[in-house]
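Below, each structure is written out as structure tokens.
What follows is chain A paired twice: with chain B in the first complex and chain C in the second.
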Partner chain A sequence: MKHVVKIMALLVAISSIWVGLLQTSIIPHSHTWLLPIYFVVSLGCYGLLMVGIGLMRFPTCPQEALLLQQDIIEAKEFLKQKGIDVGSD
Partner chain B sequence: MEQRKEEKNKYSIIIPTYNERLNIALIVYLIFKHVRDVEFEIIVVDDGSPDGTQDVVKQLQQVYGEDCILLRPRPKKLGLGTAYIHGLKHASGNFVVIMDADLSHHPKYLPSFIKKQLETGASIVTGTRYAQGGGVHGWNLMRKLTSRGANVLAQTLLWPGVSDLTGSFRLYKKSVLEDIITSVVSKGYVFQMEMIVRASRKGYHIEEVPITFVDRVFGSSKLGGSEIVEYLKGVAYLLVTT
Partner chain C sequence: MGLADRAVGFLLSFISLSIFTYYTFWVIILPFVDSDHFIHQYFPPLEYAILIPVFAGVTLLFFLCVFIGMVILKSKKKKP
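Right after this comes the complex of A and B.
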């Protein structure tokens, strides 16, 4: 099944629940009409939250830059000995 | 039994290059330093670099052997996807590793890719910069923000099953790479996304290992407005066609 079909099916399921809620009166109608808006807004908030959390917890590795520099020096030494041209790029 | 299986595995490391005369030598040294007790070959797919990258590769072949370093050039810049396909044609291993030539991908992670695959029997092992143990250096706040935003968007819409969609440090079973690459049409980093999403849709077993990514292109903003548009179009395309 294509992925978009899955997403559509999910949306159809959610919509039918919403329509069902409109027809029966479990929740007062004033609230029911606003449910789609609540849904979209909470989805947006969830997205922003995930971005914010991810940004705060973004893994960085400053020590890797140093290690890389050391590796480069080591590599250049070896390669120069073997006669490989390691002039500046 | 396990010992015999390991001895029969061979890893073909495909490295597309364009103007990487220094980096290719460094990366070859580092690969040989870190990948031990494993049979491998390095396939350099150079797109007609004017800076003499191919000459350096030939010198490396003298040092390390022509059976270990294969130079399979192309006449000009023809794109990443076709570079992998070209490299695949010359790959004699049953596993293929793809990685960047500019040392943003460090060969010291190659053993962890190999180990992960042997432990889990996965079809694909992809490096992730975003998991615990991984990381990025050289990105400013804006870059991190767009990366994070792009990732959340793609996760929400595509449910890919991997944490790092645009990464290009990956180990594939050769048959799996051959299977997926023929159905991929995107270019650039959307290509990498399409590869992993299509693999996920086809039900291939995908594992991740944390990697560190040192961005060496300091100061150059690779994320302009056009890149963002390209990305959104790519996600929309993947949403509908995979």
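Right after this comes the complex of A and C.
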């Protein structure tokens, strides 16, 4: 519930800034009307950029993968000795 | 596997950066340029700067609703 309140407060602050800009005409009017959609598009672009950067920097840890495979083989042999069927060999 | 991931990530970030620069140019910088500069022929008229994102947003919402509807229908079919 508190997270929604925070997001609503942020939205209200941003829209009040936008309406204030509209009233006092610091920026020419044609620009002020385009600002909200510009911010929405740039937010989408930023999200896509973060996803792309995260994909590029994803760590794969090849040594840990090898150790994991060895652990799996050990566990399968141990369980087979004890008589439990591990299957999918 | 890592190389394909990195390539997709690079492609995504490149697409997002190019869309961002093109849109910034279109909406913010172009209205300040004289109307007989050659650069104006590379950008569509300014109404499209609003139409295209709104159209894309509506399309996204449409596909989202269709997907949710299909999932709900499939789960209702399996119950009885």
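Here is the rule we go by: the second predicted complex is superposed on the first by the 70 of 89 C-alpha atoms of A that agree within 3 Å, B and C clash if a C-alpha of one lies under 4 Å from a C-alpha of the other, contacts with A are read in each partner's own complex, and residues count from 1 in each chain.
In this text, a contact is a pair of C-beta atoms (placed from the backbone, for glycine too) under 8 Å apart; a residue touches a chain by one contact, two chains touch by 3 or more.
Just so it is clear, the structure is predicted and the values come from calculations on it, not from any experiment.
Asks: Kindly classify A:Lys82 by the partners it touches after superposition: chain B alone (first), chain C alone (second), both, or neither?
Replies: First partner only, chain B.
Asks: Look at A:Met8 in the shared chain and tell me whether it touches chain B only, chain C only, both, or neither; answer first, second, both or neither.
Replies: A:Met8 contacts neither chain B nor chain C.
Asks: Have a look at where A:Ile17 lands relative to chain B and chain C in the superposition and call it first, second, both or neither.
Replies: A:Ile17 contacts neither chain B nor chain C.
Asks: With the two complexes superposed on chain A, say which partner A:Leu34 touches: chain B (first), chain C (second), both, or neither.
Replies: Touch partner of A:Leu34: chain C, not chain B.
Asks: Looking at the overlay, what does A:Cys45 touch: chain B (first), chain C (second), both, or neither?
Replies: second
Asks: Based on the superposed arrangement, let me know which partner A:Ile73 touches: chain B (first), chain C (second), both, or neither?
Replies: In the superposition, A:Ile73 touches no partner, neither chain B nor chain C.
Asks: Applying the document's definition of touching, compare chain B and chain C: which contacts more of chain A?
Replies: It is B that touches the greater number of chain A residues.
Asks: Which of the two partners, first being chain B and second being chain C, lies in contact with A:Glu64: first, second, both, or neither?
Replies: A:Glu64 contacts chain B only, not chain C.
Asks: On chain A, which stretch or stretches are contacted by chain B in one complex as well as by chain C in the other?
Replies: The overlap between the chain B and chain C interfaces on chain A comprises residues 51, 54-55, 58, 60.
Asks: Going by the contact rule at the top, pick out the chain B residues touching chain A in the complex.
Replies: Of all residues in chain B, those touching chain A are 19-23, 25-26, 29-30, 51, 55-56, 59-60, 63, 103, 106, 129-139, 144-145, 148-149, 151-153, 155-159, 201, 212, 214, 238-242.
Asks: Where on chain C is chain A touching in the complex?
Replies: The touching residues are 1-2, 5-6, 8-17, 19-20, 23-24, 27-28, 31, 49-50, 53-54.
Asks: Spell out the residues on chain A that touch chain C in their complex, using ranges where they run on.
Replies: For chain A paired with chain C, touching residues are 28, 30-31, 34, 37-38, 40-42, 45-46, 48-49, 51-58, 60.
Asks: Could you list, by residue number, the parts of chain A that touch chain B in their complex?
Replies: Going through chain A, the ones touching chain B are 2-4, 7, 47, 50-51, 54-55, 58-62, 64-65, 68, 71-72, 75-76, 78-79, 82-89.
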